[in-house]
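One chain, chain A, links the two complexes that follow: it is found with chain B in the first and with chain C in the second.
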Partner chain A sequence: MYRQKYLFLLPGLLVLVAIILFPLLFTIRVSFSSWDVYNPGLNWIGGENYGRLWEDARYWQALGRLTLLSVTTVLIQYVLGFALALMVWRDLAARRLFRVLFLIPMMTTPVVMSVLWRTIFHESLGPLNPILESLGIGAAPWLSSAGWAFAAVVIVEVWQWTPFMFLLLLAGLLSLPNEPYLAAKIDGAGPVRTFFSVTFPMLGAISVGAILIRLIEASKIMETVYVLTSGGPGTSTETSSYYIYIRGMRDFQIGYSAALSLTYLIIMIVALTVIAKLLVRALVKDAA
Partner chain B sequence: MLKITDLELLVGGVAHLAAINASFQPGTLTTILGRTGAGKTTLMRAIAGLIAPDRGQILLDGTGWTRLPPWKRPVAMVTQQFINYPHLNVRDNVAFPLVRAGVAKADAAARAEAALARVGLAAMVDRRPSALSGGQQQRVAIARALVKKAPVLLLDEPFVNLDYNLREAFRKDLVDLLAVETGTVVLYASTDPREALQMGDQIVLLADGRIVQSGSPRDVFANPASLTAARVVNDPPINPIPFHQNGVADFGALGQQAITLPSGAYTLGLRASDIRAGGPHQARVTLTEVTGSETLTHLSLNGLDLVMQEKSVVLRSPGDVVGVHLDLHKGLVFGADGQRAGV
Partner chain C sequence: MTKTTLRGAFAATTALSLIASTAMAEDYTKYGIKADVPGTCSFEAIDAKDYTGRTLNIITHAIPVIGEPTALHAQQFQELTGATVNVVHVPFGDLFQRIMIPFQTQQAAYDVLFHASLWLGDFSPFFAEVPAAYQETSGMKSVTDTYRGVSLVDGKLLQYPMDGDRHYLKYRSDVFANPDMQAKFKEATGRDLTVPATWEEYNEVAAVFNDFDFDGDGAPNFGTAEVTKRDDLMFSAFISRVAAYAKHPDVKGGFFFDLETMTPLINTPGWVRGLELFVAAQASMPPGGTSFGLGDEIFSFGGGQTLMSYSWDDAFIQAMQADSPIRNKVAAAPLPGAKEVWNRTTGAWDTFETPNQVSYVTWGWSSAVAAASPNQDMAFDYLCFFSNEANTMADLQIGRFGVNPYRAEHFDPAFYQNDLGWDAAVATTYADTLKAVDSAPNQVFDLRVPGVGEFMSSLAAGVARAQSGEATAQEALDGVAAEWTAIVDRIGKDKVKAAYANVVALEDK
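Here is the complex of A and B:
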């Protein structure tokens, strides 16, 4: 009788296996095949794809670029989001206004948003360069120079996802008790010291959550790069997802792109697990 | 010396503090006694800088404080709520003000542990405040206030949220702890006159944001200057019995001092302990409160509402009739203006 309870779980488990486990297992199988535009099918070639991947400098460069892009954008988003949340935290009217205003970038479809930014960054027709020139800063080759193109991707990502950080951290700030702030004032801590000794540590758990969610999302960046720079100039803004997309959907190297995807998945799981542990140790006092 | 001159605070046109003038000597414990809403917490918060007064000055040894932000004032404070830092362990909680003051971390930790030992929490230094009982959390807050060694220590009803037995024990412990704080001005806010009589070197009575009397606890208790002061300093509150005097009469036997009253309306203030059961006046019981080993019986006598205090547990039901004796010669007489009459 007791074991029959598992029968009730079966439908859910079957759905779970179908939607998660089957694609994963199928991808593993595909990664050991030579499936491409000339030889479609699951022809077993052993670890050949993985050997090729190991020597594929473009893949590892894309992974390194992705790491830099993710860490840079998430850090900027965190700092800006925190600063904005602190600015409106104690001001009810500002809080209401910014909460609505900041939802707009998040609600914008990434492709539409990237098209808009591509127009803004356009070196001869876009509005950004004339504005920079009028300010005496000078025009920049936003989408035709490697460094500037990378900066453009960072700017767009920061613009779109800082509100997410803002909203999460503002919710965290609003949930903090007032009493420690009263104690800090009496105990001789000014506003800056109170931030570092009270606010920041008390927001540790929420900060870790927000950073991890954004790192996971940032590691999948694809639409922005696709529309804004197409990975260029050259391969200077190519990220892992975009490179896998090129190999799989443009070159139709299904077996190889499956191996790339699986490797990427394992690296991400390991990296994010390590990052999560380090962040928890550094920011969450309960973990000490 | 902590000196307060003409302190005034208005909130929405209502005076929360008005014309506060007082001096507090180092090494003394002054009880700020008043009912809820009298302005005790407001006064403490104004001294600590947590609220800004509209007028007046706060001076420590002649130096003005009024414009200093709270974190720059040499004040330590314990509040009614058990306020600690939830993200820090007990040791770090107590070390917090020392670290902020620039004391080296190791030294601050050692001093924090010594302070925690004084309040009986030596074994709990590594715990979080959330893992402690309410009483222990308040001890952490007291240790944090003591370790700062500030020249002004504000204790705003620190034991009000503890149960009766714990409150009694803590009060005694606090007196012992404060005995070594020789150079500190200690202000202790309370609603309980017994606390004031037990603890304070000096007592300041506060009502409606104003100081109504100050002095030694025994003097203030024995000779309240007004009906308001008598109400504040007596718990249960003094029984007001209005009467009218026709013609000058000598009431030499009334109260503790000989008085002569001209014609007019007066109020006789009779302490609850000065009404005894077993007398000729037939009073009807409206409510009986048993508090510890005492009984407070609320009575209705000829249209007057009175409270009788007995040092034993006596269970009576509403509607019971009890014969009472009023020790009128112990009463205090107040004039129509509420001030003590004929003194």
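Here is the complex of A and C:
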């Protein structure tokens, strides 16, 4: 009698299949082919690409680097974003102006900002080193030393995406009820105690959401690395996405890069699921 | 009608049409050229064609560089012929795949393609041969053998030459001619300051003048600016540094591979020596010089920061801009050479009294017509028009266009003196250097084989490892050799070998 209802679901299902499932299934199929610059098309080579991937040390190193980069940047973004949100949450002169200012980095195009930051970090022509020297700190080899180049990528990521954390956490702060704070005040709790016993726990759920969204985004980092360092010096800032880009777009190893992408996708899904569970357990009180 | 009457009528008609054509001759200088040069693809000849109702699809690089003249001449072609010309501009990182994917999926997406000439090994199965009529044009006839050679596959002209690129040495002639600087160098090294004839000398000169205000402007100058950023054409800079040690003038049969066995040669002692010197030179680069892309190199040398550089024309042209602080204070020379050259036949280093100098003909934009294009007549007309003599001479004068000398007449110093206002000495060293590269007995060309992107990406990654200290030169190049072997096996030894034979034929000519 109600079978017609499935007909109404059909348009939505078709769109879902077209825009999500088909590309995914096609990528899976491509990953079992040797499609490259000289062997176009979908031949069948079994798991050869996956076997090759297993021995590809550069890929695993890039994945390790990505993990370090993502965790570092997201943690810094969370701490800074929280601090800024707390600052603007309370009564502050020109509060609205600060809110808009804090959001500007997030609203700019990553590639454009990376180009600007590359100019800022430029060791010969950029303004940063002269400023550091005038402050007596000394110039730094921002893009030509492995450690400094990694730090440069972290700085740009933190600068660009801290506003996202700020925005979500500020929204969370603004939605908090007033009663717990009144109770804390009556109990004589100071600002630090109030933060750790009231504010932070009550923002647990939103913190988990913000951290996870940023981890997902950070794990796809590509534009910043491409423009700022091209993965160098050596391979010191090469991340998984950039490596997959090199193999797929530059080397035109379509089949192999599909295998890399799928493996990366599976690792990310597993890792982020585990991280999500751990974060919920650690930060959300009602989770248990 | 008698023969006399006919002859009279013919003469009268001819006279009338001559008068009419003179009276109605178009003034094509409005298109930015000095004057139209008569020929098969002149403005006048193209103006006479009617492609109304037809559409030409072109893919090219983003503006500037070659994207800009592509669009300019497309607009002109559209106005002259009535055709609709669509130009798709693509960033460099996407250009290869945007051309390749339609080829592989058998779509005739574009009629005309502008691309890097070293991709010929990948694209050649999809290109249409340039028809004989176009090969007979005056413009094509004056393309030098070198630049015609890089467009050939198995004797067939598959690319339409419209640019010529090569690496050469650029240096500050005012510093080299300065007696105080000569004395400083003599004091530091015990020998006279001369334009480096070997890469060891290059590194030595760079070291002496590094971090020192040699031009008296109050800011420190540096020894050398080189393209060192991994994925920014650094492989070309590296090959320039290696060629003199690894390309023995008397050993034929391959520079990148041994053509017979297709064994990579890139980890042989000549290549390792070149990499060691490349790494050593990092000490004489400006701050950040170890991650310089091509743009940085152009502005570092072209802006007067560094004493020497080597790469394409851009930095030299930048230095010769009207507002440049070092205009007419620069000179060009062939790439430095090597007094010791690795002989892979004997497995020993050979010593040369006169350094072995190797010219590296690298990169260069090129163009082609898709074999699957239904508009090949119009497409070849467009390319012929693009590169006609009048357009080319105008394009050569605009540095950002990326069109560099590739025809015999482009090596005339008078052009640079008269049309660009260069000093005679600068124009002479520039034109003579370009001519010397073109006619050098020992030349190296890009690895124009299927998978060149992968080969060069692997090479650049290996070199970058050595530059950053992650590996020694030998370890880094051993790693690259292993990867190259795997790439050859994957693509197919015979396919790579067949394409590489075309490159070796140019080098061993």
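Definition applied: the second predicted complex is superposed on the first by the 285 of 288 C-alpha atoms of A that agree within 3 Å, B and C clash if a C-alpha of one lies under 4 Å from a C-alpha of the other, contacts with A are read in each partner's own complex, and residues count from 1 in each chain.
The rule we apply is simple: a residue touches a chain if its C-beta (ideal position, glycine included) is under 8 Å from a C-beta of that chain, and two chains touch if they have at least 3 such contacts.
Computed from a prediction, not measured in an experiment: that's the story for all the values here.
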item	value
Clash or fit, chain B versus chain C on superposed chain A	fit
Which superposed partner A:180 touches (first chain B, second chain C, both, neither)	first
Partner chain(s) touched by A:146 [first = chain B, second = chain C, both, neither]	second
Touched partner set for A:213, first chain B, second chain C, both or neither	neither
Contacts of A:271 with chain B and chain C, given as first, second, both or neither	neither
Residues of chain A touched, compared between chain B and chain C (which is higher)	C
Chain B versus chain C as contact partner of A:280, first or second or both or neither	neither
Touching partner for A:41 - first (chain B), second (chain C), both, neither	second
Chain B, chain C and vertex chain A (Cα centres) - angle in steps of 10°	150
Which of chain B and chain C A:202 touches, first, second, both or neither	first
Minimum Cα separation, chain C to chain B, after superposition on A (Å)	51
Complex contact set, residues of chain A against chain B	177, 179-180, 182-190, 193, 197-198, 201-202, 204, 285
Chain A to chain C touching residues, read off their complex	34, 36-41, 58, 122-126, 129, 139, 141-144, 146, 149, 226, 229-236, 246, 249-253
Residues of chain C defined as touching chain A within the complex	93-94, 96-97, 100, 104-105, 122, 229-232, 286-291, 293, 296, 299-300, 305, 450-451, 453-454, 457, 461, 464-465, 467-470, 490-492, 495
Touching residues (chain side chain B, partner chain A) in the complex	48-50, 69-72, 75-77, 79, 81, 83-88, 96-97, 100-101, 141, 144, 148
